[in-house]
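One structure is given below, encoded as structure tokens.
The letters A, B, C, D and E name the chains in turn, as written, and every chain counts its residues from 1.
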Amino acid sequence: MIGLGHYLILASILFSIGLVGVIRRKNLLMLFFATEIMLNAANVAFAAISSYHHDLAGQMFAFFIVAVAASEVAVGLGLLILLYKKYGTLDLDEFTMMKG
Amino acid sequence: METFAFYFLSISIVALFAVTVWSRNILYSMTSLAAGMVLISGLFFILGADFLGVVQLIVYVGAVMALYAFGMMFFDATGVVKEKNAPAMTVFILGGLTALMLVVIFAAPSIANGAPAFYPPMAGANNPQAVGLVLFTKYLVPFEVAAIMLLVAMVAGIILAGKKMDRSLSKIKDAELEGGEAKDSK
Amino acid sequence: METLVYTALFAPLVGSLFAALFAMSPKRQMTGVVTSILLFVSFFSSAKVLMHVVEHGEVHIKLMDWIVAGDMYIPFGFNVDAVSAVMMTVVTLVSMVVHIYSNGYMEHDRSFNRFFSYLSAFVFSMMVLVMSDNFLGLFIGWEGVGVCSWLLIGFWYHKEDVGRDVNPSISPSWAANEAFIMNRIADLGMLVGIFLIYWNVGSLQYDKVFEVVPGLDHGLLVMIGIFLFIGAMGKSAQFPMHTWLADAMEGPTPVSALIHAATMVTAGVYLVIRANPLYELIPEVSYFIASLGTFVAIFAASMALVNRDLKRIIAYSTLSQLGYMFAAAGLGAYWVALFHLAAHAFFKALLFLGAGNVMHAMHDELDIFKMGGLKKVMKWTYIYMGVASLALCGIWPLAGFYSKDTILEVAFNEHTYIIWFILWLTAGMTAFYSFRLVFIAFWGDERYKKLGFHPHEVQNYVLWGMLPLGILAVVFGWHKESFMEFVTEMLPAYEMSEHTHHMVATLTVATTLIALGGILLAFRLYSVRLRRDEKVEKSKIYKVLSNQYYIPIFYKNTFSEPYAKLSEIAWKEVDMQVVDATVDGIANIIEESGDAARQAQSGNLSDYLRWIAIGAIALAVLALFAALKS
Amino acid sequence: MENILSVLVFFPLVAAILGFLVGKKSIRVYGISVATIEFLLTLWLWFAFDNSNGGFQFIEYIPLVSEFGINYYLGVDGISLFIVIMAALMTLVGIIALNVKKDLKNMIITLLFLEVAMIGVFVSLDAIVFYLFWEFSLVPMLYIIGAWGGELRLYAAIKFFLYTFAGSLVMLVGMLYMAYVYHSVSGVWSFAITDWYALVLPLSIQKWLFWAFFLGFAIKVPMFPFHTWLPYAHGQAPTVGSVILAAVLLKMGSYGFVRFSLPMFPDASVAYITPVAIIAIIMIIYTAMVAYAQKDMKQVIAYSSISHMGVIVLGTFAMNAEGISGSIFQMLSHGIVSGALFLLVGVIYDRRHTKLMSEFGGLALVMPKYALIFGIMMMASVGLPLTIGFIGEYLSLAGFFKISPMLTLLAGTSIILGAIYMLSLYKRSFFGPVTNEANAKLPDLDSKELTALVPLVALVVWLGVYPKPVLGPIDNSVKALVTFMHEKAQTSEAKSVIVVSKRTKEAK
Amino acid sequence: MLQAVDISMASLNLITLSPMLVIVSGALLIMIIDLLKKDMDKSLFVMLSILVLFVDFGATLSLSINERGFFDLMLIDGISVLSQLLILLASMLFIPLALTQKRFHEYSYPEFFSLFLFMVAGFQFMVASDNLILIFVGLETASLALYTLIAMHNTPGSHEAAIKYFTMGAMAAGFFVMGSAAIYAVSGSVELFDVAKVLQQRMNEAGIVLPIIGGAVLLLVAIGFKVSLMPFHMWTPDVYEGASAPMAGYMSIVPKIAMMVVAVRVIGFYIDLGMESVRYMVIALAIVTMTLANIMALVQLDVKRMLAYSSISHAGFVMAALALDTTKAYSGIFLYYGLFLFTNLGAFAMLWISRHKKNRYHSRFHHPYEKFSGLISTSPMGAVIMAIFMLSLTGVPPFSLFWGKMYIISATVDAGYIWLAIIMALNSAIAAYYYLKLIVYMFLKPPVAGIEAVGVNSSRPLVVIVGIAAFVTTMSVFFMEPMLTYINYMVSVSGY
């Protein structure tokens, strides 16, 4: 029998994968993929909890997370386009002017 | 059945997302991400969150991935991406520890039992109905805020990707600006 | 009566301030005259006060409150009793003479006005010292005379520092500082004594203190006695704080006469006399005082034996005579000490003033070996110095005979034969070096001629001015009995035992004999010409004596130089390298760690993201530990 | 004029702000006028002051943040009265003697701001208002040192600021804790010092509060080993900066001990007499030695300040009326004397642009008036009787003698060591022949400098001869303070150490 | 069939939404105006925004306290009103800074103003709810707008800043939702008041502590990111440097206030649960933040970057108060931010006034210290005002932040954390150094040769804003009393 725990562990693993991606990726586009994974992990968790608790708030949350993710993509892509147009690269190693 | 579906889906999702994260090819990466998303919606269906599953499919696979694909084309990044990835060791340790942390948090035995349901699905309603009921009563405000957020995102996207950003007024001397545009307030 | 007392006290101050008005302008004879006249006024008043005290007993007046804090109540109060009246008279008399004398002596000095200002200020301080009715008032005068002494020793401050071999006093300003600092060391002792008195008696008024003193713990009294005496040692230049006195001879000679012979240096003796009710109670300290005095007497005399410096010889003799006074005071014969103090003031001042005449004539040359035969050109000076030296040697019927002889009798009477013997021996030495000086300078061949000096006698009014001292040096001793009667109203009378009475004649003869012996020896050696003995001059003892037992060098090596070095270390090594460096070090560590921490802010987004993960994990670990602990 | 204290505080403030509008040419006259009026007002304060009253007078009380117990609460007693007068006087003297060419206007305005802070510190009876002025005083001083200072002026200014700032922040924590304790006992918030006086604290709390306040005060005083900012500050500051720093700002620290530490923590103060006294003695002896090693005239006086402050601290911790009165009197005396000495060094620095003693020699020949005034101040500094310097030093030492004769003996070396470095300074600079050609033609003091210095000389002599008008009110207040401490003390040790003078007892 | 849902309008308490409604309508109005008529002057939008904000301010002020509205979603308690007022105040001060002498890219968009108003609305939602969903959505709305506003400055720095901020924000959002998931998992609710109720009952269950604390850890990451606590602060200096000065100033205040309110709600309830470990975490974060940020600020070459680190340090300082969980501490937070608002915005506005389009003094920085060298002689009033801000940030009385610092330290002392108070005090002393450094440059160093006027970007509105800020900073002592009374009332009435 699959319990809530299973789903939550899956969510944890997905989140970690996303995190790994965020940490390791240097290409901003691919990095954004990883952030989507992180949000999706939360979605899984919420959906599972919601289902096991018979409570809709989790689904609500997941729903809004989806909305947020979509908005983020819009803004993020806008930014990426801006960057690409200006600098012709999306490698974040190139964006290290400000430091210290 | 459910067990099988769960394991199948989760293993697939993990694998796909791993590809997303590790692949050097942006196309593979994106495709596996999209596939993963689709499979996640499968999980939602299993969990009885039909509406969420649909939203996931439409928004993620439909909109988000389309956007990404569009972006990808724009960036002309179909091929292999060269990046100096962070040292594997660091990534592994950090990723592992985070996973451990999360698992410890979420795998606690007491999580599964005992929490009361504050907004149980209405008797007799199917999932979309139930969701709709809650969403348009209790969560109407966030819903509207989300609408604003999407509006913001849209405006932001338009502005950021817009042509007007090509020329930066913040960098051009005012004297040079005088000719082209009307005088700013002063 | 009050008016007289105040006149006596403030006339010198007025004179000083008057002269100070012109301190920075060129010489004005007026300052000298005015101060001298005011000194005469002061003397006159003092004498009248003395009369009054003789007739009506002591006068006690209060001018105003000075320090009032907590239970501390210190007024400017003045108490003129027999002792202070005598001191006042002696001080003003000698001062007056010195003032008159200085008019001539400082004639050509461009700081003429300033000199008189200082000199009168000194007299004022000395008057405060002797007239005050409490210990702190005494301390005012005590420090005041110290400052005036500093000013006057360093009067010719423009002179450069030179090596010890050229001038053992290095320079007037050096000598002045030495004197001041040395005195300060002693003053600390005195202050501690005053504190002890205050916290145990609750008052610093003499009358209250001496009223309470008999009831106090003996150990405490010993402490008070010792600390007060430390103060006295400094002012009266007792061993081991004696070095400054010889160096103080750098000051103008009238200063040496007034301050470093007649008045200030006797302040220590005055203190012991003043505090006699205290010292009566602590015979062991008194005995120590007597022993130290005796030691200083012979110690100083020994250095005088070989010195070639006209003023230093007299300075050592002063030191030696101070030793006599302390011996007397320590043995309980306070009035004798006071008597000797007064007599000494007269003849020693005379001696110094005579020496001043010689210096004046010899253009400030002090080496007696370069003089000789001066009696022909400076007859009156010769006579004055001769009389003063005879008085110093204790030859009948001059003043020194009476006073010094009495001290020897006291020493004998107290059965302290060693003290007596040493003092007796010292009397011989005194006679020798005094007349060595007289014979070398005034007799024999005229060596100065070869050196191109043209000595001449000083102005007549100066010589006249010295006359009172000359007369007193002769006749003062004749009034011993009346003096004793007068002062023993205030001081404990000293009774000789039967045995001593029998021995008086013998003792007198013994003393006179050894004095005469000394004079004869000097006569034999130096009366015809300067006879120098290579062997003696190269002997170790001679060297030790002429180098003042190497004490100044010892002080330099043990105190002043290490102190300077230690100070340097304290500044450069400790303050800069340790204390300040620690402060700066902390600041630097902070700044450097800032630089180090800044490295984390690499500018690379990837690193930033990683830091978030690290932070999350660290927080989790922290939370885990915290949760486990609680 | 019931609210004269407010006038005293705000008059210079308003004057400073108006000063911006005054033309550059007339600014000196403006500054002198303002400082004179302020000084006269302080004298008026003294006139109106009731000498027989040992408590606070001219009290003003306006709630500022009543929610949190912060009130505009002013008052003076004998302890603070004369420091206020001195602060006004030294500002006046400083402005008169001012000899900066650059930005004179800014300098004068800054000095007026500084005057606000200085007077504010000494008249405030609310801890937060006190702290406000205390901290604010740093700012003008920072500017004075930094803008008109010597070569290392920035380093010196920053060091001065940060050091004192750090110390006073810890003190602030102490104050806040004090207020907290007051709140938990009485139920209302109050930062009023008089309220805090009434609070009897357990010894354990007293002890740590004592050290918290101590740190703030000790750095300001400055006590060893927190003193190293001072030589830099003095060494680099312009003359007027040094004058005010030495004369008034340092006094804030020692005043703090009297105003806060003693009456609030009598038991802790008594318990820590020995360590504090040892620090004070280190200050006295060690800094006197360091002063002796200095090559620069100003540094000698700077270090001598530390040494003298050691005596002040010692006197404060004598716990009897003699010592505390003495230490307060010594604050005044040190203020006037060291202020004057710094002015004097400034005089020679203006002429020769160096302060190294080796550059001088024989100045007494060239500048006799200068040498005379310097000599008088030097003698006052080494504590010659009949000058102002003696009374405070004597009383402080006498007071502490009651606590420990041995330590007093050690501390008493100050009169010897002080003479050593001061006389050697005087000898090196003023005595001997004129060796340096540059010194041969130096002009003597001019009328401006004399105007600044002669009143100080007069004061030095007057208060040395007749201190009663000043010492009397001080003593009255101190007696009240000591009696209060005695009654408040809990431990038997403190009861026995804090000595109420007999006359106070009799009066009862 | 489902029965109709019947809800009375009165129970919705729609008034609680009025402030947000006002501002959203305002934003839309601006967009509509832009649609209808192009090329309107930016001053129009500035004034409109101010008006909107003003009406919003009034609406917020007229809210009655301690009401819930809209299915208990909206929470109008004292701190929500208080923080909204602060946010609006800061926004009103911020907006006129658009009226510069020089022209900058972002102000050429009318959308800038509507985005700005949307952002404010987002923040208002964030603070006016204890529902994690609404908080999250509000937060993201505001954040997304903010990223855009930063990028719209359109300089390489601002692009880099936006992307850094955005990416990290996305990651932090992940942490936020995971944290919420953890809370939801143990309590079955995403509404903090329900959560608290449930958890009170469940506290004794074995193993429950782990997810609770875990949730706290995850949420703290997100909170820490937004209020820039170490080590989640890494974006702050870069973003502040890259963004325009007023935006940087704004970011140092408003998002932090908003998130601080969320933190008050979240952490407050944790501490109420008796989770001492959460308290320790917060204290540890606070100490690390204030100390490290301080020492890093010491070595900065650019004033703006220094101010960035300084605002991190201030955040750490305030965060320490959060751990105390006393009314006084919470009041302290708002008092502090209320005062910090004027001072810091004033300081950044001063930087803005001195902004050149080209970097004249340093290849990278717009505001290196050298730029202000000798300002007292070239622009005395500017130097004095900047010095007032710096002294206030240092905590020198009588300038405003002193009172805030004092109050918070006092709260710390009262709560028994004397050691923490001393750390805070010493940190203020360290901080004094870098503020002083600017003062030293302005007052004590000679002007750099060939310097041109520093106040190139100055205009009357900017001067007025700076004047207001300086006035408040200087005269703060006089309105401490009403301010403190009000804040205390508002905080205590909210039950904190």
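In this section, a contact is a pair of C-beta atoms (placed from the backbone, for glycine too) under 8 Å apart; a residue touches a chain by one contact, two chains touch by 3 or more.
On a predicted model such as this, the values are computed, not experimentally measured, just so you know.
Q: Check every other chain and keep only those touching both subunit A and subunit D; list them.
A: Shared contacts of subunit A and subunit D: C, E.
Q: Where the centre means the average of the CA atoms, what chain is farthest from subunit E?
A: Centre of mass proxy via C-alpha means gives C as farthest from subunit E.
Q: Which one of the chains is closest to the middle, using the mean of its C-alpha atoms?
A: D
Q: Specify the chain pair with the maximum number of C-beta contact pairs.
A: Result: the chain pair A-B has the most contacts.
Q: Using C-alpha centres only, name the chain that sits farthest from subunit B.
A: Farthest from subunit B by mean C-alpha position: C.
Q: Express in whole angstrom the distance between the two chain centres, defined as the mean CA positions of subunit D and subunit E.
A: 43
Q: Using CA atom averages as chain centres, what separation in Å is found between subunit A and subunit B?
A: Centre-to-centre distance between subunit A and subunit B: 5 Å.
Q: How far is the middle of subunit B from the middle of subunit E, if each middle is the mean of its Cα atoms, in Å?
A: Taking the mean C-alpha position of each chain, the two centres sit 27 Å apart.
Q: Measure off the straight-line distance from the CA centroid of subunit A to the CA centroid of subunit E, and report it in whole Å.
A: Whole-Å distance between the two chain centres: 25.
Q: Could you check subunit E for residues that touch two or more other chains and list them?
A: Correct list: 133, 137, 140, 144, 147-148, 151, 163-164, 167, 171, 178, 181, 185, 188-189, 191, 214, 217-218, 237-238, 299, 433.
Q: Scan subunit A for residues touching two or more other chains and write them down.
A: Where subunit A meets two or more other chains at a single residue, that happens at 4, 8, 11, 15, 18-19, 22-26, 32, 45, 53, 55, 57, 60, 64, 67-68, 71-72, 75, 78-80, 82, 92-93, 95, 97-100.
Q: Specify, in ascending order, the residues of subunit D that touch 2 or more different other chains.
A: As it turns out, subunit D has residues touching two or more other chains at 162.
Q: State which pairs of chains touch, listing all of them.
A: A-B, A-C, A-E, B-C, B-E, C-D, C-E, D-E
Q: Quick one: which bits of subunit C touch subunit D in the complex? Just the residue numbers, please.
A: 23-24, 64-72, 136, 139-140, 143-144, 147, 150, 154, 157-161, 171, 173-174, 177, 180-181, 184-185, 187-188, 191-192, 194-196, 198-199, 202, 563-564, 566-568, 570-572, 574-575, 579-580, 582-583, 587
Q: Where on subunit B does subunit C make contact in their complex?
A: 86, 90, 94, 97-98, 101
Q: Of all residues in subunit A, which touch subunit C in the complex?
A: Residue list for subunit A touching subunit C: 19, 22-26, 92-93, 95-100.
Q: Spell out the residues on subunit B that touch subunit A in their complex, using ranges where they run on.
A: 2-3, 6, 10, 13-14, 17-18, 20-21, 26, 29-30, 33, 36-37, 40, 43-44, 47-49, 51-52, 55-56, 59-60, 63-64, 67-68, 70-72, 74-75, 77, 81-86, 88, 90-91, 94-96, 98-99, 102-103, 105-107, 109, 111-112, 115, 117-121, 130-131, 134-135, 138-139, 142, 146, 149-150, 152-154, 156-161, 165-166
Q: If we count contacts the way the header does, which residues on subunit A are in touch with subunit B in the complex?
A: 1-21, 23-27, 29-30, 32-34, 36-37, 40, 43-45, 47-48, 50-57, 59-60, 62-64, 66-75, 77-82, 84-85, 90-91, 93
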